[in-house]
Amino acid sequence: MTVDWLAYAPLILRAAGITLWLSWLGMLVGAVGGTGIALLRLSRWRILRLLALVYTEFWRSVPILIVMFFCYFGVPLVLGIDISPFTAATVALALHASSTMSEVVRAGIQSVGRGQWEAAQAAGLTPIQTMRYVIAPQAIRVVLPPSVGVFITTLKESSLASIIGYIELTKTGLLIRDSTDGGFIPLLALAVIYFLINYAISLGGGALERRFHIGRRLDTVGAMA
Amino acid sequence: MSSRRTMLRCLLACTAALAITAGSARAQTPSVLQQIISRGTLRIAVLPSLPPYSKVTPSGDPEGYDIDIAKRLADALKVKPEFVVTDIPGRVTSLQTHKVDVTIADFTRNVERSMTIAFTDPYLVTTMRMLVLDGNKARAITDMGTGEGIKIAISRGGTAERAVPAALPKATITRFNTQADEMSALLSGQVDGMAEDDFYNTQAIKDRPGKLRQLDGSLARAEIAIGMPAGDADLHRVLNLFVEQFNASGDNATMFKKWFGFDQPAITAHF
Amino acid sequence: MGYTFTLRTIYPYLGTLWQAAGLTLALSLLAIVISIVLGAGIAILRRSHSRLLRFIGAAYVEVMRNTPLLVILYIVYFAGPSIGIRLSSFNAALIGLSLNSAGYMAEILRAGLIAVAPGQFEAAHAQGLTALQTFRYVVFPQVFRTIYAPLGNQVIAVILASSLASAIAVDEVASWMETVGSTSFRFFETFVVAAIVYLVLCQAVNLGRLGIGRMLFRQGAVAR
């Protein structure tokens, strides 16, 4: 059986777009949430620090596959609300990314010397102004490079959305395999497409690193997916 | 400091509000039939890769026997069909969680499942049989003996979970989420057989000339029906009437012949 | 329809949970060991004098770090037989997991090797230490100090990633969750149980790592 693989190109391209969008959204929500958790981790209140630690450790210790199933099937069962595969996948990705990003952001904030806080306070800046004008611009240099790694992890993790039936890149590849009996060609194509996307992102990340003059790449936690 | 405390209070209040709305939403949910009508769409769970029941075309749209039935049903209800692709374990759960209104996906009705969801009367009766590579030595399921050293692919959480161990107690059960994964495993020689719907198998054999074969004997009788959430008598009544007329009018037989290429066996048939 | 949380409904399935947890543990442990060996080989390649070998090492790491494990598992299990490599579900998962993890292990170990200044090899040689002694007393302590924290992270990552083996029919904990969930229709309870199993496994690794860190380095707070 000869298959006209080119006929599937638009479908695959669209699916790659969906995967990028899904991971980007998960990453964005995760980064915002992670920043919140990082602030809690650095709070002066022990209980908040503890809560943030438990949050981070919890999501680091549960496989993303289970989190996805939980968001897709578990939450609607108990709360009686409807959650689409897209929402479930985004939330699951965001939860995972937020725990990793909280560590990244925390490292970023801590990279700025304690003295600067005090100096800013002495200069009459409010805590928010201090964050906005003093800490954030410096922390971002430390935060950005590992964030690229987290984004790649999130993108790879998004392949698991296929298991809860969301038709992203992996699921599309499998569907093409199934309706063409294409054996391993669609699978290899999937691997190549993911590699190209992620490699491009990591090259972009490398350029960022050089621009910010930071040679250190933080080892992202739980990075396999 | 005080702003933090306010934030915390806000958070607590939000959580409480969420819990209350979730609770009340559950209490006054309108019936599924009402929801379908007011929404104007019928959400149908389908399997993505089970030709000729259903498959996805290069354009991304589903097509097949089950898909045609779904479109016919949506037409009858005067709403638009909306297809939700699911897998074998997802068929029951997506009804249970009200993600979809009906499941039309080569769905075998049984008492076990009926304790969680509801089924219409069957629109098709088939059997579960064993599909093997043509080179397999066995001619009938009984030739596999106790199944020692034999790997059988089944759908995770499907009716084969019971049927295969009953026939081949020592066989190694290999679970997949879609029939397509089972088929890939069979074609690549990762398993010795797959337990699936007779009609699906027949089509699979036709699509791959000389590669596949069915063993004699059946593993289970299967009544294929439309699945729906439990507890909605109105929807049940409407769907049953739809199925009854779909069967009696001969439309079902015509549609079956279009997709499967042979005449539909009698729905009351016993195998 | 409300949903009542009743663990009792899944009691009958707890017997198979132990087998599933055993498989998860066996799969993860074996994959960690294999990927450390493989990763060490690649780390050495990346420090080789040959440009080609360095390229191969770097390419391996990039490919593995940029391709989803799920896709790798599908390829090993479903595509392997067409080039004559037929592996059981467990072995295919083990190979896929090890190959993938080796990409990360290689980077972790390479960072460890970089931590040992090249002069130290010469110094050790000048002191009359054998290669084995150099490794035991000079290289290993420094490398281990650098790598033990990321190594712990990677062990956890492998345990979590082993859950993907369910997609190629390994009956480990995630598969147990999906199968029991869809036969008993009690998905919520099965999630909770599966999540607890992974939590216990991962936090055990975490505590073990903290313990080892304290014991070896006696620095009080251990950086993570």
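Note that the chains are named A, B and C in the order they appear, and that numbering of residues resets to 1 at the start of each chain.
Criterion: a residue touches a chain if its C-beta (ideal position, glycine included) is under 8 Å from a C-beta of that chain, and two chains touch if they have at least 3 such contacts.
Treat the numbers as computed from the prediction; the structure is a model and nothing was measured.
Visitor: Counting C-beta pairs in contact, which chain pair has more, A-B or A-C?
Guide: If we tally the contacting C-beta pairs, A-C comes out ahead.
Visitor: Measuring centre to centre, with centres taken as mean CA positions, what chain is farthest from chain C?
Guide: Relative to chain C, the chain whose C-alpha centre sits farthest away is B.
Visitor: From the mean C-alpha coordinate of chain B to that of chain C, what's the distance rounded to whole Å?
Guide: 36
Visitor: Could you work out how far the Cα centre of chain A sits from that of chain B, in whole Å?
Guide: 33
Visitor: Taking the mean of the C-alpha atoms as each chain's centre, how many Å separate chain A from chain C?
Guide: Comparing mean C-alpha positions, chain C is 20 Å from chain A.
Visitor: Tell me, which residues of chain C touch at least two other chains?
Guide: Chain C, residues with two or more chain partners: 1-2, 78-79, 82, 167, 178, 181, 187.
Visitor: If I count partner chains per residue in chain A, which residues reach a count of at least 2?
Guide: Counting only residues that touch two or more other chains, chain A contributes 73, 77, 80, 163, 174, 183.
Visitor: Using the touch rule from the top of the page, what residues of chain B touch 2 or more other chains?
Guide: Those would be 26, 93, 96, 177, 181, 184, 188.
Visitor: In their complex, what parts of chain B are in touch with chain C?
Guide: My answer: residues 26, 88-89, 92-93, 96, 112-113, 115-116, 153, 156-157, 161, 174-177, 181, 184-185, 188-190, 229-231.
Visitor: Would you tell me which residues of chain C are touching chain B in their complex?
Guide: 1-2, 77-82, 86, 89, 167, 169, 171, 175, 178-179, 181-183, 185, 187
Visitor: Show me the residue ranges of chain C that touch chain A in the complex, using the header's touch definition.
Guide: Per the stated touch rule, the residues are 1-3, 5, 62-63, 65-72, 74-75, 78-79, 82, 100-101, 104, 107-108, 111, 150, 153-154, 156-158, 160-161, 163-164, 166-167, 174, 177-178, 181, 187-188, 191, 194-195, 198-199, 201-203, 206, 224.
Visitor: Note which residues of chain B are touching chain A in the complex, please.
Guide: Result: residues 22, 25-26, 29, 48-49, 51, 55-60, 84-87, 90, 93, 96-99, 177-178, 180-181, 183-184, 187-188, 207-208 of chain B touch chain A.
Visitor: Can you tell me which positions in chain A touch chain C when the two form their complex?
Guide: 57-58, 60-66, 69-70, 73-74, 77-78, 80, 103, 152, 156-157, 159-160, 162-163, 170, 173-174, 183-184, 187-188, 190-191, 194-195, 198-199, 202, 219, 221-225
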